[in-house]
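Heads up, the next two complexes both have subunit A, just with different partners, subunit B and then subunit C.
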Partner chain A sequence: MTAVLDPPVDLLEDHPADRLPDRTQVPKVSKIDDKPVRTAPTRRVPPTGITGDQVAKAMRKLRHTNPATQQRVHTLRLVMAGFEGLTFEEAALVLGVQPKRLARWLHETDSIPRAKDSVLADLHEMLRLLHQLVPLSNTGRWLRLHVPALNGTPLEALIAGRIGDVLRVTQRYAESSFV
Partner chain B sequence: MLDDSSPWVTFGALRAYRYVRFRSPWPPDAEYNDSSGRFNNGIRFTLYVADDVMGATAEFYRRNPEFLDDQSIADIRVFALDLVIPGRCLDVRTQAYAHAVGVTFDRLRSNDSNEAVRYAECRALAEVVEPLGCGIAFPSAAYVTPSPWCLVLFGRPSNATWRCASYTEIATPIISPSEVRQVPA
Partner chain C sequence: MPLTFPASAEVVFERPPLLVVLTQVRFPPILTLLAEPGVAGFQEAIRDAYPSLIKVEEAGLLLGPNVVQAQRQAPVWKFTTEDEQWILSLSVDFVALESLAYANADDFLDRFDRVLDALDRTIHPAPTTRVGLRKVNDLVADVHDARGWRGLLNPWLLGIIDDDDLPGDLAASFSIVRLKDENGDELLIQHGVQDEPSKNYRIDLDYFTERPFEVKRGADLRALLRAYAESETQFFMWSIGDELRSRYGPMARPINEGAQ
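Moving on, here comes the complex of A and B:
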């Protein structure tokens, strides 16, 4: 049995591509004020097959092009490199974040909140001053050393959020006058 | 009051010692306006040196006692500075000299927990000496051997006051914790 289409479809006569605008045409320009003729805005339709998660991920990537965001990632990587001798979990505790989230920050699949700017800047400065006195390879030992001025170890103070106190200790290391 | 009869000393050539961090951005003979020093006020440029290597090393551990028990964690470098000091310095290295200028000897190596109290007399003395001389020779507060002493030099180096002719790095000694008088926490 032969199927009969009603109305009959002739694919060659009514192909969708025939309805697309001709890209070779230039926009019409008014002769009076030389302004381009306004045309109806094109409705933005997301391509089929893209999920909301993928759009959110793309937006996050887009945010990473922001210089401030890039600076945060750069500073975080410097801080992590300076924490030689700490486990990843200990570094996450110091930064006040779950290890999985810290991993996402480092892989740039999640953005670092602006609220972390101050902590990152202080940790970076602390490590910069520390490494003028303590070699990088001894960082872990120093972080576990009892410092009288901190009433404990720098690691304990950092985990307790006393970054300012630890920074002051490393600032004191830069002073060499006799007391 | 200080005058020409006060115990001034002219060292001429003097070899003295000081420590710096292993990655210090400054050369060992650089004067600086550190506000935390015994004779500093945050404005005055100073250079502190000790009369021997152990004294210079003890000064580091006095400030930073956390490194005393394991001296391999921090990396300090000790330098011998060959100083030329034609200018006169006030000499308060002994009890008699300190008494002669009206300062209690113990206050020159004071160890109060309050920093403002600890350095009050020393900073007041520096204010008086700076216009009249180029430094103060004083007893060490850090090293506990019988009579170690230190020297603080004021201002920028010059041919008339003091200058460092050269400096040489020497091996950093290990110091016994019992030989260091620590700053109270």
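Moving on, here comes the complex of A and C:
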């Protein structure tokens, strides 16, 4: 049990927690007008291949998305961002969904069921706590480490649907870091 | 098999004349990337390395017989490193990584691998419609007209510049060459002198394919881009003469290091 509370030191060495970005703050997006534009020697990135009509139509559709649905997709995207080191297919297993359906959720061509709210919220909180101590780039390594309290790896526990157990482990990490 | 040129790439340069190196992966449009929420996951995944984000919007003009109408274009989301030497662009149908501080192919591909991994997890595009690697070299020499490049560059490359019988002052000479390899992938070579007083010679190499590849970290895209980098390095080596070669600080390629 004691090993559970101590995240492996080598996972922390690269990026001390005090240098990690604050992931609770969504960085501001500034318009191009706010900053000086670096002049380019040539046009290096060509324009996109979709028409103005397609842009306008898609923007109208995005504006009319239900707020609860938007929040669900937003949380899913943050969870997927936090799973560095997992493949898309592994992340789908954790979420209990087929990869193709997960892609449709991300593309907003299929709605995420309300029943996934608690899973998404727990995963988001678990990753938030974990990343207070372990850098994002080491998430995959941590998920594959044997954790005695879980009788296996966090990834195995997540795939088995024991998200609450893994969340409790990261909560204990967070509590121990303040001792 | 990518194109091979009659020059060895066993040498790398300490001070290569690279202006910019850019790789771009195009995929079928994902319209959620039009708005900020669609980009949020990707931003979260890469913002430790690319903390700054700018939204670049360009308006297009629709020209009809009786009307000129401004049309909204898809935005390009530009993420940059703190030192602004690495620029990552994302839009509805492409991701591109651009380096103003390119060191070698391994470093570049490692960074791009992480971008592809973040893209795969948070956006998951369908297989690619185009993949390209572009290296823009800007050679500088103290010459007073375009003919001054004779002796510095491979005569084949110089073409008309190398012809003594051409009358008048040669103000500019710019050529476009397209070579196809056995896969149908193409190397677009744009080179020449565009402006007087001709002190800059541009060698712009863009190797690309329209074959589909899975957009994810892994061997396939990395091997493709490494092969393109190798071909472009070989072409560059073949293009320049000994004097320029020594000016750029040639050194033996370190073991296990890929193309420059």
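Quick notes on this structure:
Everything that follows uses one rule, which is that the second predicted complex is superposed on the first by the 112 of 179 C-alpha atoms of A that agree within 3 Å, B and C clash if a C-alpha of one lies under 4 Å from a C-alpha of the other, contacts with A are read in each partner's own complex, and residues count from 1 in each chain.
Everything below uses one rule, namely that contacts are C-beta pairs under 8 Å (C-beta built on N, C-alpha and C of every residue); 3 or more make two chains touch, one makes a residue touch a chain.
Being a predicted model, the structure only gives us computed values, none of them experimental.
Once chain A of one complex is fitted onto chain A of the other, the partner contacts of A:Y173 are limited to subunit B, with no touch recorded for subunit C. With both structures placed on the common chain, the touch criterion links A:P67 to neither subunit B nor subunit C. In the superposed pair of complexes, A:L145 makes contact with subunit B only, with no contact to subunit C. By the touch criterion stated above, A:F88 is placed in contact with subunit C alone, subunit B being left untouched. Looking at the superposed arrangement, the partner reaching more residues of subunit A, out of subunit B and subunit C, is C. In the superposition on chain A, contact of A:A103 is made with subunit C only, not with subunit B. Shared interface residues of subunit A, touching subunit B in one complex and subunit C in the other, are 135.
Those residues of subunit B that touch subunit A in the shared complex are 18-25, 32, 34, 36-38, 40, 46, 48, 50, 59-60, 62-67, 70, 72-76, 118-119, 140-142, 150, 152, 183, 185.
Subunit A meets subunit C in the complex at residues 15, 20-21, 23, 26-27, 29-32, 34-35, 38, 41-42, 44-56, 58-59, 61-62, 70, 73-74, 76-78, 80-84, 86-88, 91, 102-103, 106-108, 135-137. The touching residues of subunit A, counted against subunit B in their complex, run 131-135, 138, 141-142, 145-149, 151, 172-179.
Subunit C makes touch with subunit A in their complex at residues 19-20, 22, 24, 26, 29-32, 34-38, 40-45, 47-48, 51, 53-58, 60, 62, 71-74, 76, 84, 89, 91-94, 96, 98, 117-118, 120-124, 134, 136, 138, 204, 216.
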